[in-house]
Amino acid sequence: MISNSRIDMRHRTLAAMGSSFGVLFRITTFGESHGPGLGVVVDGCPPQLPLDVAHIQAALDRRRPGQSRLVSQRKEDDKVEVLSGVIDGMTLGTPIAMLIRNTDARGKDYDAIARAYRPSHADYTYDAKYGIRAVAGGGRASARETAGRVAAGAIAEQLLARLGVSIVAWVDEVSGIAANVDPDAITRDAVDATDIRCPDPAAAAQMIERVERARKDGDSVGGVVRAVARGVPPGWGDPVFDKLEADLAKAMMSIPAVKGIENGSGFAGTLLTGSDHNDHFYRRDDGSIGTRTNRSGGIQGGISNGEPITLRIAFKPTATIMRPQPTVDRDGNETVLEPKGRHDPCVLPRAVPIVEAMMALVLIDHALRQAALR
Amino acid sequence: MISNSRIDMRHRTLAAMGSSFGVLFRITTFGESHGPGLGVVVDGCPPQLPLDVAHIQAALDRRRPGQSRLVSQRKEDDKVEVLSGVIDGMTLGTPIAMLIRNTDARGKDYDAIARAYRPSHADYTYDAKYGIRAVAGGGRASARETAGRVAAGAIAEQLLARLGVSIVAWVDEVSGIAANVDPDAITRDAVDATDIRCPDPAAAAQMIERVERARKDGDSVGGVVRAVARGVPPGWGDPVFDKLEADLAKAMMSIPAVKGIENGSGFAGTLLTGSDHNDHFYRRDDGSIGTRTNRSGGIQGGISNGEPITLRIAFKPTATIMRPQPTVDRDGNETVLEPKGRHDPCVLPRAVPIVEAMMALVLIDHALRQAALR
Amino acid sequence: MISNSRIDMRHRTLAAMGSSFGVLFRITTFGESHGPGLGVVVDGCPPQLPLDVAHIQAALDRRRPGQSRLVSQRKEDDKVEVLSGVIDGMTLGTPIAMLIRNTDARGKDYDAIARAYRPSHADYTYDAKYGIRAVAGGGRASARETAGRVAAGAIAEQLLARLGVSIVAWVDEVSGIAANVDPDAITRDAVDATDIRCPDPAAAAQMIERVERARKDGDSVGGVVRAVARGVPPGWGDPVFDKLEADLAKAMMSIPAVKGIENGSGFAGTLLTGSDHNDHFYRRDDGSIGTRTNRSGGIQGGISNGEPITLRIAFKPTATIMRPQPTVDRDGNETVLEPKGRHDPCVLPRAVPIVEAMMALVLIDHALRQAALR
Amino acid sequence: MISNSRIDMRHRTLAAMGSSFGVLFRITTFGESHGPGLGVVVDGCPPQLPLDVAHIQAALDRRRPGQSRLVSQRKEDDKVEVLSGVIDGMTLGTPIAMLIRNTDARGKDYDAIARAYRPSHADYTYDAKYGIRAVAGGGRASARETAGRVAAGAIAEQLLARLGVSIVAWVDEVSGIAANVDPDAITRDAVDATDIRCPDPAAAAQMIERVERARKDGDSVGGVVRAVARGVPPGWGDPVFDKLEADLAKAMMSIPAVKGIENGSGFAGTLLTGSDHNDHFYRRDDGSIGTRTNRSGGIQGGISNGEPITLRIAFKPTATIMRPQPTVDRDGNETVLEPKGRHDPCVLPRAVPIVEAMMALVLIDHALRQAALR
């Protein structure tokens, strides 16, 4: 049975590479918001390690919508099922597949926007690429895809803990309101103490007020997430293209809504002179080598130097707002997009576990590449 | 003849992935500053295209040291030889290998620093990883490695030109002195009109003065390079991990001395509300779809939208300065590093062609992935 | 919180690459026989193509045990669920995940062999690599893993049909009993007409008798599967490492129990002189170019030439037999393995759809690499 | 300067993947017979290892033409220059680039065949794929490309020697004349004792006579190369797609003129029953586990078992013969190809070092993947 019809390749794309991340600890996510479910396959996890599924579920619970009035009220249980790679709580060294069923599809809410391109969303570009609308969150550009990343990141985090590495991220700025904290002292408990996930209670209160105001206005706000990895030994990362900061930058920029990334001194560092910026080496009491300052953000020449690895990540204000906006539909006609459906006035709190997951995935991959797990 | 001695793997690293970049247009750089030479192999260049070797040489000339008194006086001819993949000026579709011989090795200049770790250099981290000093520029962390990238980027640029895509980068800030220019109007000629490669003559004069002062002080300065790609059609980039901005972020962060990267509105965009930040679609006179503003920086949901792609890249002040600095040597003894050798008080002008090359390499790779070359 | 317990890496392996196959049409299989289920993620399938799930299920039905008395009576429904990548019967261009739940685990049958290494199985080598027994089919070396390949291969086959390419494989030899058929005339219906999947009825009868005798003897037999792909246009395959025959050889050798592979004239061709072996080109009536003979097996210099692509694949006799065998247990003690559990005296009939699937996966990958889908 | 002319992609191919081999020990070959030179970049070689360039040169000398009257008289010095990755005879852990200049281009010899497709060569398929003739050995399908593989393989071999692994290959059959040797006793000296590289002197004499006769007839002959790797520990190789025998099969099938490959019992093993074929485990005097027979060829379930790894590789008779042959030219006209140029009546002796190199490349890659180099 041979068909004569050729495959229509006007919208051909070679997407094979696009859904996987990592070299030796390699994940592949799958799934759309409105299909049966979504998930991830983790290939490269070493065998014979205890795996705590409750910890994975807890990470997913931090990411899912509906946790507080600050974020989207879309209801998803996000219950994870481990399909393979683990028996009796121990890893087998084989691929770990995890599935999260969709429960709250509600495609109907999106009918109104089925034809109009939402401003600063992926609707138009997705259509240009695939010839298919990403409507109703059906596409892969949906933030819901990050559930698979968080599940995989939780496994990476468990491996990193065995190597003495811990990661914490928090909301450092919302709409210009900045936290005033000592990055070296932040714990995840302190982060989760407020709905906004900012460990400075005073700033957190202001941020929450700002988000509430945006909600009332039918508007949205952006901000900055800060992340630090402690305990990374010297020697992780490669010196040329796969610099540790380069892989971290890619990881963070692949999170929806991210528009900027800094390691160490970032853009502010461009204002200093070399004599003020350089981090001087010294000998610690235990004989190891440290730097007196950490403008390098824990990485020099692409390779970790043993100091905390520090990142700042800029998230734009959410594109979905509850206001009419001028736009164009699929046929090229100018039109007005009327607001409808649910609204997340600030994605920053839910972005925190995603940032942590992507940081964990980059670090465990380079740990394996450096054969650090001996 | 079987040896009993096992391989010493204390410093084992799995570097195989680290020297290649790109998926379908894939480059592999090789070479150290003090060996016979360095170069690059480009795999994935389509066949039957005219290749202009003079254009490649011109790109290398823009990168090499010794062009003006603003940059390092190290003398390298950087003459490129095309070893394969091209016959009678036409590509064969086979790997294009290019070799640049080293001529000005001068290993002796570096004797003094052979044991002390230079602050904010890759000496210590390289040693921690490989058990080998990156001294004398011998390591791959040397900026000289970027010559191979620039040669490959020049090929990418020639392919992109056939697709109607052009790239231009310039020095936008030095030590806080900012250019005041219209990004849409910048040409490469305007950029090259000043030694500092800033197209705003007034700002350029101030920048040059600032760099001269740093030189006299034995110090160094940092800054920001801005880059724009014009003519990229809608549809390039992937929606998940290999977002166009993610691959661009990795590309830029892999350039020595880069500490931050922004696409579109970047960190400043976090101060806006969604209603102010969203880019509204409209219909152009020719029927195509555009956006009235470009805070998205030409990319939405990981995929190009047809608007100019805009980047800002932060370069820290050069780590090499002509001042004594406290540090530690390989044996862990605290010591003072005395200045010696050559000194590049500001890498920004030479960074411009490197930024352009990395941007071209990302774009041509995604062009091929989107099968855009039909 | 730094853990003191390092990860035990005596059995460390970097398995990340091991569960994926293909470059642009890339599959990743997951799952063990005795966990919740197994499956596959297909990344790189083009968007907007109709996908026939019934055809995938039919392919799985041809592979599963219990189809006839000739093969293992293990009962597995092997019902496939498509989790993602398809909506309303059309592909989205996103990863297609497929899940097959395990229903007939029966771990208890394997208790007896939990400690003794089964001869010519993967028990010992798996233990040496991972420090974990692949007992009870729990490991990835189990033939059950191939269900994921067959599901993915069925998708590849549907794409290939649109390009005019069809694949058929059959049992050509069992224990030296050879079919006498015209390879150009074989249909899948003729193959499936006998339980042994040999399209020569006379030879099939002899083969079935031979397999029955082996079953009664508690023994097993091997044989040769032949495969042909018709309609592949000239130009698929790469000229150096990724020659079409090289990727086919890897694909076939990755099927459990395969010990040899031939393309075209194979080993018999080494007996000919060049003047007898060379395939002479001629002009077909339609103006296209063909060869008068096909000792090249449809591939010259790694690239398809438009003639049928022909393969022969050698399967060793099944390692599981119903006889006591001397062996060694995990502690190094010599022992005797007593037979127990189920027994598949000849895997050849069930190997046919696996061979077809692997051939389809290689061909569609090279079709995409050649941009043949325009 | 934006060109309006689109890139002609009728012959578009995504060749990026095609010139590289290996995952962690990854080589990329480049170069054509008639350009400036050819070579290889080895990425992933561990640092701090002594590298013997004379050993690399010796391997190349075994491969090059003109060694004896049995093989092509084309004169190539094949002098290797190491461009990077090695200083003072020690590896740096950075890419090792090696260059071999072309000296004996002689393009003119090939003028006569510039238009006619040579039977069973890659001329037609190369043209179909790239739209470019592989004439004059200019294409990558030329056997000359294997020089880069041999140079890289010599490095792999030096690493393997440190792990106690040695490889030897020899000519086992020429045109049906078979060697009668004990595979466990063959040394490379015994192989090189005859021009035909067969360690059985009596068979070697017959083989040489057969090759001489083919030369006089203007004809060519094929044969079988056998290869064995000794000292590989249990645990190398992956259990699913990247089985050790699968990667070896791909490696061998990627050598020009190979049409078949066997591991262990190969096709002959299909004639045995399981009870005769199974390799029984026993405990060696030193407590390690071995098998009493080696029909598995040193690999079970994709993973090495500690026994010698055995391969047989079928080489077709050389396609170039000194006889007129009917064929078709580029315009589709039927014509006769008149013999011209040089003639290699039997490639087997020169194939021996290529087989060894490819085997070494697969083994060192899996050694690194198994972290065996600790």
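Think of it as A, B, C and D in the order they're written, each chain with its own count starting at 1.
FYI, contacts are C-beta pairs under 8 Å (C-beta built on N, C-alpha and C of every residue); 3 or more make two chains touch, one makes a residue touch a chain.
Keep in mind that what you see is a predicted model, and the values were worked out from it rather than measured.
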item	value
Chain pair showing more contacts of the two, C-D and A-C	C-D
From chain A, the most remote chain by mean C-alpha position	D
Chain centre separation in whole Å, for chain C relative to chain B (CA means)	45
Centre distance in Å when chain A and chain C are each reduced to the mean of their C-alpha atoms	38
Euclidean distance of C-alpha centroids - chain C vs chain D, Å	26
Contacts with two or more other chains, residues of chain D listed in rising order	9, 11-15, 17-20, 23-24, 29, 139-140, 368, 371, 374
Partner chain D, residues of chain C touching it in the complex	9, 11-15, 17-21, 23-24, 29, 117, 119-122, 124-126, 128-129, 134, 139-141, 145, 173, 175-176, 214, 217, 219-224, 233-243, 245-254, 256, 258-267, 269-283, 287, 289, 291, 295-297, 299-306, 312, 314-321, 323, 325-328, 332-334, 368-371
Sites on chain D touched by chain B in the complex	1-9, 11-20, 22-26, 28-32, 34-39, 41, 43-44, 46-49, 81-87, 92-97, 99, 130-132, 138-140, 159, 161-166, 231, 368, 373-374
